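Shared chain: chain A. Partners: chain B in the first complex, chain C in the second.
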Partner chain A sequence: MEFQKAKEGAALVLAVTGRLDTLTAPQFEAECAACADAGDTRIVVDLSGLEYISSAGLRSILGAAKKLKSLGGGISFCGLSGIVAEVFTVSGFVKLLPVFPTRQEALAKA
Partner chain B sequence: MSAPLRLPAREESLPELQRLAVEAAEQAGLNEATRQHVELVLEETLVNIIRHAYPADATDRPVELACHTSPGELTLVVADHGRPFDPMSEDADTIDLAANLDADLDSRAPGGLGLILIRGMSRASYERRDDANVLTLRFPAGD
Partner chain C sequence: MRRGIALRLSALVLSSTGLVLVAVVAVSYILAREALLQSAEVNARNLSQSLVNRIEAVLTPIPPVVRGTVYALEDGGLTDEGIIRRQRRMLTDNDAVFGTSVSFEPFAHKPGERYFASYMFRTPLGFKTTHLGSDSYRYHYMDWYQLPRELDRLVWSEPYYDRGGGNVLMTTCAMPFHRMENGRPVVAGVVTSDVALEWLTRLVAGVSVLDTGYAYLISQSGAYITHPEPGVAFNETIFSRAEEFHDQQLRLLGQDMIRGGSRFVQMKSLHAGKEGFLMYAPLPSTGWSLAVFFPRDEMLARVHRQAMISAGLGGGGFLILALIVALIARGITRPLRRLTAAASEVAGGNLKAELPTISAHDEVGELAESFANMQTSLRRHIRDLTEATASRERMASELRIAHDIQMGILPKLFPPFPDRPEIDLFAELTPAREVGGDFYDFFPCGPDQFCFLVGDVSGKGVPAAFYMAVAKTLIKAVAESAADGGRRDTAGVPDPGSILARASDDLAQDNESCMFVTIFCAMLDMRTGRVRVASAGHNPPVLLRAAAGTAEYLPTHGDPVAGALPGVVYSTDELTLAPGDAILLYTDGVTEAMNPAQELFGEERLLVRARGLAGQPAQRVCEDVRAEVTSYAAGAEQSDDITLLTLRYLGAGANAGSTPPGETNGISKS
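Up next is the complex of A and B:
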């Protein structure tokens, strides 16, 4: 799994590529915690490069979302497709967290 | 059918077991979406076994995967020798999964997601056979 970060106004865009599974999920939560520690508590996660996600990935997202919310910030998602979009839907995460088709739409609401 | 792959029920065994299943899914001619279901359902099944089937300090903790292919269909059989656990039974649910699906961020429990994915993306059946948990996961091409 790889991360690319870009500041967009008050928000940070975190682009994630690769796989978010049992073995890599701790890296995602650690990356979000590092962003929060650096003062970036409004995060837009771009998942257009994510190939695969499992429940361990969802749990790491839930952990990051709760932490950012407790700090007065928030997390949103964009660019979901294929299995990633399907897993977000089946698990109810599309109702739980803000999900947008594009990065621009996510940033407009971040 | 190939011989079952038997490995320790540990996280480091996940890539090899998932690779075997994905190769079998390709041989069966399943499309990409169904191949991803195979990979995901297997990961969720194995993680349950890794975390819960054996005592944490058990050194003998095998998990076995057998892949059966026929044109347009893949069947995975996952077996372990740990404590009885039927992931298809509602007794397996320690929380109300349906209510949790609608919960908001503050009340959403982290557990139960794997079971939702297993049940939603495969045709699964469970059997306790002698001292083994045997979970049969079917993936027809059309699913």
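Up next is the complex of A and C:
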């Protein structure tokens, strides 16, 4: 899995591509932790490049969300599609965490 | 001895040494032979020359003696007494002279005397004088007289056996003398001097050349004067012999010999029958030729003997060398052999085998040291491995126990409530590992209420198993407390949505690991078939309508997973089951089962299969879906726990009694 970071105003956009499963979930959590340590606590995760997400991936998202929240920041998601959107819907993550259709909307609310 | 390093080393060293040795012996033999053959010619010339000199020493003084007498006769004329005196002096002064004659032409000495030939010769009793000429011995016609007279010069005769004189082998040196007649010299007679040749034949025959070498003399006409083969001397000439044996080389040699040539040539001897060298040289005074034959094999015998000695010494040295090399090679490889034996023992499993102590600081010593290190590491490794294996076995055993415990907390006795004929329920769970995060549960919950649920904890393995145990216990506790807290005779107290909300809140507290669980919880009113359902992020269950023979997914509200965050609210839906209708709960281990091509089983496939199972007993539904998943996976590894739970409502009319199920439930706790 690969990450691409871009600073957009106060928020940091983290574009994730590949698969977010048991193997790669720790990478995602570590990446978010690194961003938080660098001072970027408001993160918009762009999942338009994500092919698959497992329950372990959801767990890492939850962990990142909790950490950022505890630091006074927040995390939001955009660009969900296909199976990723389905998993988010079925697992109710769309209700737990802020999810937006596009990056612009996510940044507007970040 | 095996074909070990020692043998190969020895063989290599010895074969190369042997080759070198053979080459040295062969080359030195060839060089020695060449040197010998070169010196052979010089030796042969020296030998023959010394023979010639010895013979010449005897023969050379003869002509001057004869010539002296001739001059005396020509100058002053000699009286008979003077002739006798002269002859006596010749015999006295020259031991080689056997006899001497002064022979006159017919009537030249004294008119009226046809024959006058005074001959004085040696006898054991002293000198004796005789007269040769008579009608029975007409010396004027003898060769010894005729040849010098006709040639008018000094002549050496062919050797002959003199029968008239001494009757011994001799040759004659003869010279004519003259007198003046009408101012011109005419031959008046011949002076001869006979030389016995016994000494010469003895001398030549006595020449010993190696073993079978020999010498011979031929006269100026090619006749053999001496020859080692009996009957050849005086009977054959070198040409007759060449003719007899068809030996062209011998004839050419003979021609050169009588011409006074001197050569050293290679040839084959007819007499000795072997190859060799012939040295011949002329005797200048007589025109004879002396030949000496050197057999080649005997000339080379010394070289051969030296070569034999060299070969013998070399061979002996080679054997000693072989012994030394073998000993050294064995000495070098002995530690290797001991090490090999020890290595075999170690390979056989005896890790404590004692290694030979090798003090040498060479490759073998290093090998032994490395081997000792290897043995130590091997021993340590085996010990670690044994410990690790034991530890792993302990862990595996603990996991087995954990599995048993986890399976034990799931109700497994079917049918669960024989006294409640309204419900037909079956459930099964197959963990992907020893322990997993899936669970199901069912239990009576207040009057005529029956709660059943399926859950799936995020992740797998031991953490998921712990969380699952906590979640399952918590939900049951919440549901039962809600039921107990409410009035048992009023319906609707345990609401699945509020049960999930409370359970989720409890789980979310101090959830450092951010684990969560998806739960589908349903509450059946056994009297009416009314079912209240709530979903915490769980897969939508399948509703099987028996009358219509249909299957459909229950719509969900997309409520979040439980335990993720506190304060989540879950909504409750309602539906009613007609008798025969069933609800199939499952976890994503079913829909996300993969075949070997990594393709998902999918929800559509599940729905199609479930449609054919509408109205079927709960156990049949579970088992058929499970079989479908297994055949779809076709041996691919199961990546997630697979859980199925089917509840079929049989209708209130099937109710056999009014005993509350909670007091007689048959849930197995084992």
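The working rule: the second predicted complex is superposed on the first by the 110 of 110 C-alpha atoms of A that agree within 3 Å, B and C clash if a C-alpha of one lies under 4 Å from a C-alpha of the other, contacts with A are read in each partner's own complex, and residues count from 1 in each chain.
As a working rule, a contact is a pair of C-beta atoms (placed from the backbone, for glycine too) under 8 Å apart; a residue touches a chain by one contact, two chains touch by 3 or more.
Here the structure is a predicted model, which means the values were calculated and not measured.
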| message | Should chain B and chain C be called a clash or a fit once both complexes are overlaid on chain A? | response | clash
| Thinking of the overlay built on chain A, is A:94 touched by chain B (first), by chain C (second), by both, or by neither? | second
| said: Quick check for you: in the superposed arrangement, does A:52 touch first (chain B), second (chain C), both or neither? | reply: first
| task | Compare chain B and chain C by how many residues of chain A each one touches, and report the one with more. | result | B
| Contacts of A:82 with chain B and chain C, given as first, second, both or neither | first
| request: Name the contact category of A:28: first (chain B only), second (chain C only), both, or neither. | output: neither
| said: Pick the chain C stretch that clashes with chain B in the superposition, from 328-336, 544-552 or 598-606. | reply: 598-606
| Hey, what residues of chain A end up touching chain B and chain C alike? | 22, 55-56, 58-59, 62-63, 66, 90-92, 95-96
| query | Taking the complex as given, what residues does chain A use to touch chain C? | reply | 22, 55-56, 58-60, 62-63, 66, 89-96
| remark: Given the complex, residues on chain A that touch chain B span 21-23, 52, 54-56, 58-59, 62-63, 65-66, 69, 82-83, 86-87, 90-92, 95-97
| Okay, in this complex, where on chain C does chain A touch? | 456, 458-460, 513-516, 518, 536-540, 556, 558-561, 564-565, 568, 588
| Partner chain A, residues of chain B touching it in the complex | 11, 14-15, 32-33, 36-37, 39-40, 43-44, 47, 100-106, 108, 110, 113-114, 116-117, 120-121
